[in-house]
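The next part holds the structures, each set out as structure tokens.
In the two complexes below, chain A is the common chain; its partner is chain B in one and chain C in the other.
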Partner chain A sequence: MDCVVTGGNVKVLAKAIHSLSRIGDELYVEPQEDGLALRSVNSSRSAYACFLFAPLFFSRYTIPIGLAFRCKMAIKSVQAVFRSIATLEKTVEKCHIELDDQKNRLTFTLHCKHGLMKTHNLSFQDSESLQAVFDKDSYSNVFRSHPRLLVDTVVHFPPSLEEVTVSLSDDRMWVKNHVEDETDRSKAMLTELCLASDEFDHFSVKVQNSVTFCLKELRGLLVFAESTGLPISMYCDEPGSPVVLSVTDSVLEGNFVLATLSDDSNLRKNNTKRACTPPPPPDDFMNDDMDSYLIAMDTSVMPGPSASRPPSPPLTNSTSLKQTATANHRTRLPSEEEEEEEEEEEAVDSSGPPNKKFCSLFFGSVLPPSSQMTTQPLTGQEVLASDSEDDVQ
Partner chain B sequence: MPLSTQSQGDAEQYVLVACLDNARNLSNILKAITFKDHAIFSATPNGLKVTVEDSKCLQANAFIQSEIFQEYTIKEDSVGFQVNLTVLLDCLNIFGGSTAPGVSTALRMCYKGYGYPLTLFLEEGGVVTVCKINTQEPEEPVDFEFCSTNVTNKVILQSESLKEAFSELDMTSEVLQITMSPSQPYFRLSTFGNSGNAHYDYPKDSDMMELFKCTKTQTNRYKMSLLKPSTKALALSCKVSVRTDSRGFLSLQYLVRNDDGQICFVEYYCCPDEEVAED
Partner chain C sequence: MKFRGKIIDVACLNHFTRVITTISKLTKMCVLRLTPQNLFFVLSGKVANGGVSMWCELSQENFFDEFQMEGVSPEDNEICLEVTPENLSRALKTVQNAKAVKVKLTKKHCPCLTIAAELPTLSSVSRVVTHDVPVEVIPRRLWHEFKEPSMPDFDVSIYLPPLKTMKNVIDRMKNLSNFLVVEANLNGEMNLKIDTDLVSVSTHFKDLGNPPWGDEASQQGGPSQSRDPDTMAQTRVDIRKLQQFLVGQQVNPSKAMCNIVHERVVHLILLHEDVSLQYFIPAVA
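Let's turn to the complex of A and B:
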């Protein structure tokens, strides 16, 4: 792996890393044919973020042929490379990212003004591929706005606030602080903001409902979106189904997938016709990894490249992530799932307690070709991890 | 000026009187060496030297030449005492140490001699505060025997470029390794932290390099915890001279320009870390 980033793109890369650091403690690096993927997931796996930098983002982009390389490293150490965004902008002319095979180090070299050269040789761990399963096309409610709108909205909430609830009507969005239970409600201060549809570039609500998700990760994305000025698209569905926030331009794509609180009443209503995920989360995973941390991550078995394949028509009724997952032959209905996976769930719990009722439901285990077609390019990559090295050519 | 008229009568009793129109010119430079409470003051007709030491491995000296002071009278060849530096700094900032233009604290610092307190008269906006700081038996500063004839390598850099490096140093590294060499990498700062190592390389022809005089390749390690306080001096300075002698001792000299554009110096000496096997 050998990549060179120049000029203003260094700052974009730095911002992406800072924004990922709001999610988790580890940075998953995966050089793919369609670009460099940087990902992170939080400890309870209720939030996942991925940035994909296309080869055109780089002034040089070469990845090892035939040998899939992916690793994870402490995000703090990568952040240290790009510590001060302000000086970065002024002084760094070029950033060179290179894999040192012999020493097992990922080398970040910053070429700065006045000939100063900063070299960081960072250690890394091998890792499985980290993938969240989601399908932006299947969401019923879609919004797009300039990041400023969300920044101005979020600024009204105190930094200590953990979750916000977004409620939707045909032409309005309400954002309010989430208060845990009814008894607290009398004491707590409630903040609510109403955003009219005309404040958004795009506002389409098909299902009027409300979702509750963590604010911290949203703030993380806003850091990135605000500095790059890229519009934020927001995809949401019913409670319990993850919210997807994304920023896209011609050379990069960033997706933040945040679990939402599942609403019990809503759950009961829909239980019959929809494969809702009740808490505790039926984490869906398939095989025993050496690394228990990654158990709930997607470690898919893709026999060969699929990215080159044209997308086939989407599944007929893939209106939600969970339905997509249901179409997945490796994923079973929650009822069966729960029984079968009770034991395995314990293993997942050991790597971090679930965050309240948030589920890491968006980590499906396998992406067979059929479901891949419906997912965004992000998840439909040929570089999806293979379980054995032999499967990768 | 009320200060001068008020204390005129006592002037004869003092062995040392030093006056400043702006006390910040003293407090700023003292901040650059504040990492331990005890400071050894030694005054000579040339000026004032303030020394702070840590573990006999690190020594910081601030030099304030007599010309910096509006009045500087010394009745003996050398006057020495020791005071608590934190207390002294608190006193110098007793009016809040405002940085607003046009507002400054005037200082008259007097010392009667052995056993007497250090007396500070501070005046701002017509209000005078008198502070008396008890002095202590002066200790003998460690002589690092750093002699310019034994200097193997020397570089002078504009502080700006080092500030950036020092602000980013990986503090999980126990040591800072300095490599100076007549050939590549010329001048290199390295850290070895939890997550890997980092090198900062300065080429000898960089705009930031004012002088490059290295005769021999030398790699020495210095305890990060010892060097950390020198960042304060670096932050104030505009130029820094980095020198190592044949024993690997490090001398960092900082050129500090005060509010009035006058030049003072701060110097740090540091012992090298024990030799460890290269990894």
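Let's turn to the complex of A and C:
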């Protein structure tokens, strides 16, 4: 393999590597006939990202004929090659990536101004092909927007926030932070943002539902999309099936596949119930009446601890539904505890599975033969069932 | 109990955000008291927060274009909430370019101060972002804990040197000691001193001036008037508390003063037009 990247494309390549580094610790490199594929997956296999740079992206692109070469390497070491994007932009004129067969090294050579040359010889490991299974055409909900819209959206959420929930209606998208625990809800700040359909370049919702996925990887893609100015397309379906975020250009394609939170059957019931109800009407910002925010909280002078506990007043439709959902959840709890206790009695070492589950369904070990996305059989690929949250990095 | 306020002016929004950010640097939790004229951020000097207390007073008229509230009752026309200022600050920081920001008391999953902002977009519909900051409503029987602290019967009152200079000095001193002695006299001189087994450092400021408190001062013809202008009044305080005050402050006060009650308390006052921030640091033995 021997490829040369010149000019502004060096920065594009660097940005791609930086955004892949938000996903996993290893970079999978695979020179294909249709271009150079750079991929990464996180340790729990709930997030996958792939950039495919077409031969035209390079000023020279040659791959060994008949000999399939694939490798993986520590993404940190590749990142080190492209450490400072600012200086890269100013000084690097050309980047040469070559496979050194003799030494078994992948060589990155940066040709800088004034004849300066920086060579990095990176060791690698042979690997299987890493390929997620997804079909963007089969998704029911599709959006496209300038990256700025999503950047301006995620900026409202704290950096420490792990997951966001995206809810859809025919003409609106709600983005809010996902809070795991009912007990945390009373302490956590909840943020909700509403985007109108006409803020998007393309907005098509066939199924109104909501999905929850990790914010970190989305932020990773935004780093890339914002610097290249490429519009982001978002594909999503029902909870549990992955969200696909993609950027495309004539010479490159980037796809980020993120697992979404799939709730257990009980919660799903609530979820569908919630999904069926129309989302709350958009806040009529300028003309609302203060009375609608009336709070029947009692702070009477009557002493006693009960004074601080407010009775819940009748609320708007959506909120009260949420409350029933909460109530359902609560009533369910005792039985769950019992189950857990029983389990503990039966087998002390197997603690109950955590409630929160990201399904990494998209790495199916059995592939539909019709799938065009896969060109390689996934031999040696572990079967990837759902991972517990402990594995999510 | 109802509350709703609206800020439209960008400068007001920015100023309000700065005040709240300053408070968020001083304390994790504090009490927000709402009255028809004012907003107060209060931290009462409990042992749990190191004996430090704070009183910040804002006139609503200077920030809000609309301000409606209805207190617990007509006689007690106030609302008292326990808030996390950091959450408010974070919510406000992300909406600095908003066309309008509303702050309102809402009943969501729990009582919340909802900050709703209308953000400009290219489309015909504005983008609305809401932040629900959970608050706790403080029952009336506890309100007495959050009254304005009375001006201490200070021995010396003095204008502070530029806060940035003071911060630089204290940042360095903090590496050497945990405690700092603040001393000042009525001759416009102030010293910041640390004293450990290994090292003694003191920084002297002069010509700072002493604020004329006149008859308003609590000591009517008290000690400070009959006081020898060169005698220092001093208080030993936790250096981190003072540093916290200097690091976080974003108000750019027009006046910064310090009152010292000998061996008792350091009382810092920042004034900026309509905002006053008072901070009390107790003496440590």
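Note that the second predicted complex is superposed on the first by the 276 of 393 C-alpha atoms of A that agree within 3 Å, B and C clash if a C-alpha of one lies under 4 Å from a C-alpha of the other, contacts with A are read in each partner's own complex, and residues count from 1 in each chain.
Note that in this section a contact is a pair of C-beta atoms (placed from the backbone, for glycine too) under 8 Å apart; a residue touches a chain by one contact, two chains touch by 3 or more.
What you are looking at is a predicted structure, and each value in this text was computed from that prediction instead of being measured.
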{"item": "Which of chain B and chain C A:Met73 touches, first, second, both or neither", "value": "first"}
{"item": "Chain B versus chain C as contact partner of A:Ser210, first or second or both or neither", "value": "neither"}
{"item": "First (chain B), second (chain C), both or neither touched by A:Val155", "value": "second"}
{"item": "First (chain B), second (chain C), both or neither touched by A:Ala196", "value": "second"}
{"item": "Contacts of A:His120 with chain B and chain C, given as first, second, both or neither", "value": "first"}
{"item": "Partner chain in contact with A:Ser186 - chain B first, chain C second, else both or neither", "value": "second"}
{"item": "Chain B or chain C, by number of chain A residues touched", "value": "C"}
{"item": "Partner chain(s) touched by A:Thr91 [first = chain B, second = chain C, both, neither]", "value": "first"}
{"item": "First (chain B), second (chain C), both or neither touched by A:Asn42", "value": "neither"}
{"item": "Partner chain in contact with A:Ser233 - chain B first, chain C second, else both or neither", "value": "neither"}
{"item": "List of chain C residues in touch with chain A within their complex", "value": "1-2, 4, 68, 72, 80, 84, 87, 90-91, 94-95, 100, 102, 104-112, 116, 118-119, 121-134, 136-141"}
{"item": "In the complex, chain A residues that touch chain B", "value": "73-74, 76-77, 80, 83-84, 87, 91, 105, 114-123"}
{"item": "Touching residues (chain side chain B, partner chain A) in the complex", "value": "161, 164-165, 167-168, 170, 193-203, 205-208"}
{"item": "For the chain A and chain C complex, residues of the former touching the latter", "value": "152, 155-156, 158, 185-196, 198-199, 282-283, 285-286, 290-291, 293-297, 299-301, 303, 307-308, 310, 312-313, 315, 319, 322, 326"}
